[in-house]
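Quick notes on the structure that follows.
Labels run A, B, C, D and E following the written order; every chain starts at residue 1.
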Amino acid sequence: MSVFYLAAALFLLGTILLGLVRVLRGPGSGDRMLAAQLFGTTGVTILLLLSLALEESALVDVALVFALLAVVAAVAFVRQHGLPEPPDTPTHRQHPESTESRESNDDR
Amino acid sequence: MNGLLVLFDLVLLAGIVGVAWRCLASTDLFRAVVLFITFGLLLALAWVRLEAPDIALAEAAIGAGITGALLLVTLERLRSIMAERRSGRPHTPPPDPTGPHALLRALHDPPPERRTFIPALSFALVVGGLLVTALWHQPHSTGLEPVVDAHMDISGVDHPITAVLLNFRAYDTFLELAIVLIALLGAWSLGRHDLIPARPAPGPILPGTLRLLVPVAIVTGVYVLWAGSHAPGGAFQAGAILGAAGILLVLARPRQLPMAPGVPLRLGLTAGVALFLLVGLYGLVAGHGFLGYADAWAYPLILLIEVAATLSIALALVALFVAGRPAGDDA
Amino acid sequence: MSSILLLAVPLLPLLLAVFIGLRPGQARLNRLVPWAALPGLLLAALAPTGLEATFDSLLMGTHLAVDPTGRAFLALTAGLWLAAGLFALGERRDDVRRERFYVFWLLALAGNLGLVLAQDAASFYLFFSLMSLSAYGLVVHSGKPEAWRAGRVYLILAVLGEVLLLAGLLLAVHAAGQSSLAAVAAARPEGWALALLVVGLGIKAGMLPLHSWLPLAHPAAPVPASAVLSGAMIKAGLLGWMRLLPLDATGHAVLGETLVLLGLAAAFLGVLVGVLQVRPKTILAYSSISQMGLMTVGIGLALLLPEARGWLLAAVTLYAVHHGLAKGALFLTAGMQNQWPGTRLARAAFVLFTLLPALALAGLPFTSGALAKNTLKGPLAPDALPGWLAHTELLLTLAAAGTTVLLLRFLWCWQAGLRAPANGLDRHRWWAWGSLALTGLLLPFGVLVVGPGGLPVEPRDLYGLALLWPIALGLVLAGIAYRLIRDRETPRVPEGDLAVLAEAAWSAARRTHRSLALRPPRPHRMPARLRLLRLKLRQRLEDAERVLTRWETIGLLFSAAMLGLYLTLLVG
Amino acid sequence: MDGGWLLLAILFSSLGPGIAIFFLPEHRQGLRTALNLGGAGTKLALVGVLLAGVLRGDEYRFSLPLMPGIDLVLAADALSLLFASLSAVLWFVTTVYAIGYLEGSPRRSRFFGFFSLCVSATVGIALSGNLITFLIFYEILTLATWPLVVHRGTPAALRAGRLYLAYTLTSGLVLFTAIVWLTLLAGAEGFTPGGYLDGLAETHATTLQILFVLLMIGFGVKAALVPLHSWLPIAMVAPAPVSALLHAVAVVKAGAFGIIRVVNDVYGTELAIELGLTAGLLVVAAITIVYGSIQALRTDDLKQRLAFSTISQVSYIILGVALAGPLGIIGGLVHLVHQGITKITLFFCAGNFAETLGIHRISELDGVGRRMPLTMLAFTLGALGMIGLPPLAGFVTKWHLGLGALEAGMPWVLGVLVLSSLLNAAYFLPPVIRGWLGERREPWHEPLQAHAGPTRFETHWMLLFPVVFTAALGLLVGLFAGLGLSPLGWVSLIVRRDYSLPEFGL
Amino acid sequence: MTPANAEWLPAAIAGLVALSLVVAVLATAWPRQAHRVGLLGALAITAWVLGLSALFLNAGPDPEAAATRVALGGWEAPLGLMLHLDGLSMTLLVLTAVVGLATSLYSLGYVHDRIERRQFWPLWLWLWAGLNMLFLSGDAFNLYITLEVVSLSAVALVAFTGTAAAVSGAVRYLLVNILGSLSFLMGVVLLFGEHGVLDLLLLETRTEAGPTERMAAVLMTAGLMLKAALFPLHVWLAPAHGSAPAPVSAVLSGLVVTGSFYLILRLWMGVFAPLATPAFGILVGMLGVAALVWGSLQALRAGRLKSIVAYSTVAQFGYLLVAFPLMLVDPGAWRVVVFFAVVHALAKASVFLAAGTLQHAAGHDRLADLGDVLRARPRTVFALGLAGVSLMGLPFTGGFIAKYLLLEAGLGTVLAGSVIGVLWVLAIAGGGLLAAAYILRMVAPAFHRGHEDAGEAVSPWMDWVPLGLATVAALAGLAGTLTLNTLALTPGAP
C-alpha cells in the first residue's frame, strides 16, 4: 500500500513542478499567487501521503500547520492586490515624504 | 519502494534547485516571491525526507506562512517607494536618511554581465562537486544518538530533540532565542514602524476568515507546544504558529495598529530570554552549573521556559512583520 | 712666573683687542695699541736664556719658550710692530673705522708674537693662523675694490697655506710621535710631510711661485700694515722653516737644491718684475719677494752644507732681522710721501731717514745690510758646492745689484708723489719712521757688541769692497735703464703677475660653469605629470574596488577562494 | 638595576614636562616656561650627578623585559654620557633660545611638547644599553621631530616633513630589519666595548657584512651620509631652534652615534676591520665630507649652507670611527661634541639674524657685525671652529682625525681633510667677512623691534644668551682641550678604557 | 593550581557568560535606563574579566592544565556543551574588556540622543556578550551560534543611525555575514557527520587529513575569511565600518573582525592542524601580501577619514595572513599573531574613536575639509597619531613589539632556508611604510597653517577616551611579555 501512497505523492510532486509554469509565466500576479496557493494544498496532500507511506505520524502535524498557515500569504496578497480600489476611497497610505520628515525629526 | 523513494527525492531535489535558480534569476520581484513561497514548501518536504519533522514543522510555519506574507508586504512597500520616486521627483537624488532606498541600492547592483556567468557556474559546479565528494565519503555516523538516549531518563522530557535543545544544549537554544531578539532589535534600530501599504478590504469574507482562523491557530500553537515534550514540536514551532496568527490579526486591521504599550511589549519580548537566564542563573547558584536543572525540576522548568519562549517568539515575529519599532516603544 | 710672562706676550694684545672690540670709540684704549707689542720687546731683550713654560691644559698641551732664534725674531717682530703701531696711531687718526683696524692689528700682532714663542705644533699653528687670518682684515681695510681683490688673493693663498701647513704638521707629528717642534724637526720630516711644510710655510714667506699675494696686498693695505706684513709677518714662514725643516747634521740635498734654485729665481724675478712697476709699495713688495728669495737661498744652503748649518742659520736670522727692519722702514717711507717738511733740517732728516734703510737694504758698508750679506756669504767657499751651485755666491752678488736697481726705481717713483702735509707734521709718524730707519745703522753695532751666541760675525763683515761693486753695478744698470726708457712708455707687468693669470682662469671657468652654479635644493611640488598619474591611479583603484564590491564578484571570489584553499590543501 | 632610577629620572625629566606642556593651554606662558626650564635644569643636574657617579666608577643600569628574552636596557657608560651631557647642555640652551625665538607665535604648547619629547628620545638614545632600546628611541626621535619640522605649516614645510619622514621611516625600517636579524643571530646582547659578534665572524662573515651595510643605511639617513642626505637641507624650513637641535644634538647626531655604537660596541673595530667594513664606511664618509662642502658652496641661503655643512661635518665623526684606531675614534667622538656646540652656535646666529633683522641670505649679511657684534662674533667663532682653526673646537677634532688617519695608515684621508678644510673656509669665510668688513648703505629693517619693541641688547636677551654661551663653550672646549674634563679628556678616557691603552696622547 | 582557584575558576567562567547575558537582557528589557545599565555592566564585566584573568594566571604555570573547561548544565561533552578557557581566549577576553569599556565610556558621550541610546545600548551589550561567549566557546556548533549573535548585533549596530550609507553598508554586511556563517555551518555539519561530536577538543583527537576534513576546513576557513574581511573578500568592510557610528566602527574593526580571525586561528591550531600544507601557507601568505598592498592603496585613495581607517583594517589583517606561512615553519609564531591582533585591535579602536570625535565635531569626515577641526583639536589628533604610530609598528608602542616579533619570525623563516620568506619579510617590513603614509594623510592637515575651528562641542568622554585608549595601545608594548606568557598557557598549541 505504501508504494501506492508514495507513487501518489510522487505524482503530486510532479504536478507541483508542472504548475510552476504558471508561476513563471504569470501573466498576472493573481495567477501566480493562485498557483502557489494550490501548491500549498498539494503540499498538504503530499505530506499526508508521506505520513502514511513512511508511517510517521508527526507529519500530520506538519500538514496541519501547512494547511493552517498557507492562508497567511494569501491574505497578505489579497489585502494588497485582491480587490480593485474604488476611486473615492480615502487611502491611509500617507505620502512617504511626510513620513520621512516626521521620522527624521523624531530620530535626530 | 526504495526506487520510488529515490525517484521522489530526485524529483524533489530537481524542483528545489530549479525553483531556487529561477527565484534568483527572476527579474520580476513578485514572481520571485511566489517562487520563494514554493521553495519553502519544497524545502519542508525535503526536511521530511531528511527525517527531521521538527524542522519541517518549523519550515512549514515560517517558510510557507510568515515569510510569504512578509515578502509580499515588503514588495508592496518597495513598489510604492519606487513609484513615488519615478513619478514624483525624477531628478532629485534620493533623500539621504531613508532606509528602503539604501536597502534597494545595496541589493540592486546593475545586472550581472553575461561573461561572469560561465566562471560562476563552473566555480559553483566545482565547489558543489567537491562537497558531494566529501559527503560521499561520509560514514554513517550515529552522531550523538546513543549518548542522548542514555541520558533521556534524567532529561525531564521524552522527545530526544527537545531534550537536546532545552537540556543538554540549552545554551545554544538560549542563544537562538537571543538571536531572534537581536534580529528584532536590529529591525527596530532601522527606524519607526511604517504603515503597511494596504487597501481597504470591504466585504465580510476576510474578517470572517480571520475570526475562524485565529482561534484555530492559537489552539494549534498550544498543541504543538505541548507536543514538544514527546513528539516533534516545541517552542519555536509553536511561536511561529502563534506569530502567524498575530500577523493575520495585523493584516486584518484596515487602519492603524493600536498603540503598543512600550513596557509590556519589551517585557513580553524578553520574557523567554529572561526566564531562561533566570533559571540558568539559579542553576549556577544552586550548583547544577549554568543553565542546568535539578533532575526533579527539569520537566516543569523546561515547560515554563518553553511557554515563555513561545510567547516571546510569537511577539517577536509579529513585531518583525510590522517592521520598525512601534510608536509605543519610544515613549 | 715664566709661564705668565710668556703667555702675556700674545695675550695682552688679545685682551686689548677684546676691549677695543667691546668698547669702540675709546681714545685712551686706542693709544695703547702700539704698546701692546712692548712686552714682546722687553721679553726679547731681558728674558733669561731657556725661559720656557708648558700648559698641559691648553689645546693638546702648549709649550712656549724663548730660544736664541726666537729671541731674534721676537725682537724684530715686537720692535717692528711697535714702530709701525706708533706710525699707525698717527696715520689712522682720521679713519672712521680705525677701531676695526686696531682690532685686526692686535689680533695679528698676538699671532705674530705667539708663533715666535710657540714650541709645539698645535700652538704654532694656532698663532700662525691667527696672524694670517687677522692680516686679512688689515689688507682689505680700505674697502676699495683693489683691496678686496688683493684680500681675496691673499685669503685664498693664506688659507691654502694654513691647510697645507696643517697637513704637513700632522704628517710630521705623526712621524715624530710627539708634537714638539724640536722633536718634529729631529725626526726629519720626509716626503709629503716635507713638501707640505715647505709649501705651506713658503706661501707665507712669499716663495715662488706662490708669491702673488705680496704685490697685491702691500699696495692695498694701509702703510703700517704693509710694513708689518712685509717686515714681520712674512718672516713667520721663514721661522717655520727654520724650526721644522731637517736642518740637522745630515741635511737634505734635494730640498736644499730646490730651495736655492727657488730662492735665486725669486731674487731675480722679483727684481725684474719689480722694476717694471710704478707704484712705490708694489716695488717694495717685489723687493720683499726678492729679498725673501735670498733668505730662502740661505735655508737651502743650510740644508746643503750641514757643517755650516749653525753659521748659515744665524746668518739667515740676522738677514731676516735686517730685512725686516729696513723693509719696514721703507714701507713707512712710502707712507711719508705727504710729510715733505718745510724746514731745512727736517728736510735733511727726511732725506736721511729715506736713504738709510734703502742703502742698508742695498748693502752699503757699515749698515746692517752689509753685515747680513757678508755673514750669509761667509761659508760659501768656491768649492763647497757641486755643479752650478758653485756659482751661488756670484748670483747672490748679482742679486744685490738688482736690489740696488729696484730701490732706485722705488725712490724714483716715490719722490714723484712727495708733497707737504696739509695740517702739520705728524709726530707719531716721524718718531716711528725715524727710529726704525736708524736701527738699520745701530743694529750691526749692536750685534757686534752683544754678539749673541753662535753668531759668527766679525767686524770686517761691516765693510769690504766686495760689497760696493754690486751697488756700483746697480747704479750703472739703473743709469742705462733710465737712459733707455726715459722718454718711452714703460713696459709694465701687472701687479701680482701670476695671480692675474689665475684670476682670469677662474673667471673663465666660472663663466663656462655658470649653469652649474647654485640652485639650492628645495622640496618641489610634484610635477604635473606625476600628479595626473596619481589622480588616474586613484581613479583606477576606486574603479577596481567598485568591481570587487559587486555581488557576483564577491561570489566568484568566494568560490575561487574555496577552490584555491582546497587545491593547496590537496597539493601541498 | 643599580641606580637605574637615575637613568629613568633623566629620561623623564624631559618627558614629563613635555607631556605636561602638550596639554597645557596656549596662554599659560609662565607655567610653560617654568616647566621647560625646570625640566632642562633638572636634566642638567641629574646628568651631572650621573657624570660624577660614572667617574667614580659606579654602575648604572635599568632594564625592563619587553619580549621574552629581549629587554629594554638603559645603561650609562662613558660614551653614552658623552652624548647625554651634550644633549642635556645643549637642550638647556636651546630651550632658552626657543622660548625667546617663539615668543608670541602660535601653537607653542605643541612645539615645546614635541621639543621635549625629541630631547627625551635623544637622551634615550644616549643611554640605550642595547640595539633594540636604541632602535626604540631612534624611531621615537623620528616621530617627535616631524611635528617640529612641519611646525610652520607652510606647504614647503609640509613637503619637507614628508620627505623627512619618507627618508627616516624607510631607513628606520631597514634598521629595524637589520637589528632583528642581528638579534636572531647573536641574541639581544648589550653594547660591549670591542663588540660581541666575534663568535659569528667565521661562520657568518657574509651575513655580517650585509648586516653592516643595512645598519649603515639605517643610521646613514639620519647621519646624512651622502646618497641618503637629501632630506637634511630641505628640512631647513623648520624654525631655527629646531634646525639647531636637528643638526647639533638630536637627529643627525643620533645617526652618527648609532654608527659609533655599531662599529665600536656591536661589531668591535677589530672585527669591522677584519671584515673590511670600515674601509667602505671610510670612503662613504670621505665622499660625504667633500660633497657636503661643495654643495654648501653652491647655496646663498645661510641656513641651507649650514645644513650642507652639517652633512659634511657629521661625516667627520663617521670618518673618525671608520678609521678604527684610537686616535681616529677620539677625533670622531670628540667631534660629536664639538660639532654639536659649534653648529648650534651657527644656527642660533642664523636664527638671530633672521629673527632680528630678517636676514636669510649670505649676500644680505654685509655689515651686520656693526649692528649685532656679539652675534657676529659668535658666528665667527663658530665658522672658524668649523673650518678647524685653533684654538677652537674644530681644530682639536681635525688634529686627531688627521693623526688617526696617519695612524691607520691611510694618508689619503688627510687629503680629504685638507680639501674639506679648504672648502669649509671657502664657504664659511665669506659670511664672516661680509659681516665684519662689508658695508651696509640702507638702514636695517627690524622685524623683531617692529613687533616686540626695542630690546636692551642687540636682540632679545633670550636669543643672545644662548649664542654667546655656546660660542664661548666652543672656544673653551678647544682652548682647554687638555683638561681632563674637557670633551677631549672625556673621550680619551672612553677610548683608553675601550682600548686599554696606557698612553697614546699627543 | 591552588584548590581555591580550581574551585572558583569554572564558576567565574560561567559567571562571566551569565553576567554579560544578564546585562544585555536587562538593557533590552529596560531600554529607558539602558545607558546606565550599560555603563555599570561595562564596569562590572571589565572588572570580572580582570579578576578572571588574575585567577587564571594564578592557576599555575602548567600549560596542559591551564585550559579550564566548564560543562554547562552539568553535561560533559560529547553530550553537552563545554565552555573553554585557555591563554588564547583569556587574552582576547581581556582585549574585549578593554576595548569594550573604552567604547562604552565613549558612547556615553557619542550616543546622546534619547532614542538612539535606547537602540544602541542593548545591541552593543549583546555584541559584547556575544564576543565573550565566542571566545569562551569550545564547541563547533556553539561557535556558529555565538558568531551569529555577534554578527547580527553588529549588523544592527551598523545600521542603527539609519542613514542611507549606514543601511546600505549594513545590508551588504548582513548578506556577507550570512554567506560566511552558512559556509561555516556547512563545515560544522560535515565534521559532525563524520565524527559525531561537536566539541572542539574531541574533534581534534578524531580528525585526520581526510577529504571531509579538508572540505570542512575549506568551507569554514572561507566563511570566516569572508567574515574577517580578509582579502579579497574585504569589500563589505569599508562601507560597513566607514558608515557606522564611531563606537561601533571601533568595536567592529577592533573586536568583531578579530573574533572571526580568532576562530580561524583556533581551528587551524587544533582541529585542522593536520591538514596544513606549505602550499596552503603560501597561498594564505600571498593573500596577506595582497591585502597589505591593496588595503593600503585604498586607504591612500579614500577621501573620508573613516574609510581610510576601515581600509587600514584590511591592510593590517594582511599581516595576520602573512603570519600563516611563518607558523608553518615556526609553530610558536601563532602567539605573535595573536599579540599583533590584540595590539591592532586596541590601536584601531582608538583611531576610530578619534575619527568619530572629529567627525562629530566637523559634522562630516571628508578629509579634504577637515583641516580646521583637526587643527583645533590637538588632543584628538594626538590620539589619532599615537594610535597611528602603533599601527605603523613604530616604537614605543605595542605595534612595535608585535612588528618586531613578526619580523623575527619572518627572518627566522628566511634563515631556515625559505626563499619565499624574503617576500614575507619584505611585506612585514614594508607594510609599516604604507601605514605611515596613510596615517600621515590623516594627521598632516593638523599641521597645515590655517584656520582653527573646533566645530561642534563634544563631550569630555569623546575628547579623552580616544587618547586613553591610544595610550593603552602604545603602552601595550610593555605588556608584551605578559601577553605572550599568557598565550603560552594554551594547551595543544605549540
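Here, a residue touches a chain if its C-beta (ideal position, glycine included) is under 8 Å from a C-beta of that chain, and two chains touch if they have at least 3 such contacts.
All values derive from a computational prediction rather than experimental measurement.
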Enter the minimum step count from chain D to chain E; a value of 1 means the two chains touch.
1
The chain whose C-alpha centroid lies farthest from that of chain D is chain A
Could you tell me which chain lies farthest from chain B when each chain's centre is the average position of its Cα atoms?
C
So which chain ends up in the middle if you average the CA atoms?
D
Have a look at B-C versus C-D and report the one with more C-beta pairs in contact.
C-D
Please tell me the distance, in whole Å, between the geometric centres of chain A and chain D computed from their C-alpha atoms.
83
Rounded to the nearest whole Å, what is the centre-to-centre distance of chain C and chain E, using the mean of the C-alpha atoms as each centre?
78
In whole angstrom, what separates the CA-based centres of chain A and chain E?
43
Return the distance between the CA-based centres of chain B and chain D, expressed in whole Å.
71
Flagged in chain B as touching 2+ other chains are 97-98, 130, 191, 330
Among the residues of chain E, pick out those that touch two or more other chains and give their numbers.
115, 162, 172, 214-215, 218-219
Would you pick out the residues of chain A that each touch at least 2 other chains?
106-108
Contacting residues of chain B [partner chain A, same complex]:
1, 4-5, 7-8, 11-12, 14-15, 18-19, 22, 28, 30-31, 34-35, 37-38, 41-42, 44-45, 48-49, 51, 53, 56-57, 60-61, 64-66, 68-69, 72-73, 76, 80-81, 84, 88, 95, 97-98, 191-192, 194-195, 197-203, 206, 209-210, 213, 216-217, 220, 224, 227, 231-233, 237, 241, 244, 247-248, 251-252, 254-256, 330
Where on chain E is chain C touching in the complex?
172, 175-176, 179, 183, 214-215, 217-219, 221-222, 225-226, 232-233, 235-236, 238-239, 275-283, 297-298, 301
Tell me, which parts of chain B touch chain E in their complex?
94, 96-99, 101-103, 105-107, 130-131, 133-135, 137-139, 141-144, 147-148, 151, 167-172, 175-176, 178-179, 181-183, 185-191, 266-267, 269-270, 273-274, 277, 280-281, 283-284, 288-293, 329-330
Residue ranges of chain B touching chain C (in the complex, touch as defined)
109-110, 112-113, 116, 119-120, 123-124, 126-127, 130
Note: in the complex, chain E contacts chain D through residues 378-379, 382, 389, 392, 394-396, 400-401, 403-405, 407-408, 411-412, 415, 425, 429-430, 432-433, 436, 440, 444, 447-450, 477-478, 480-481, 484-485
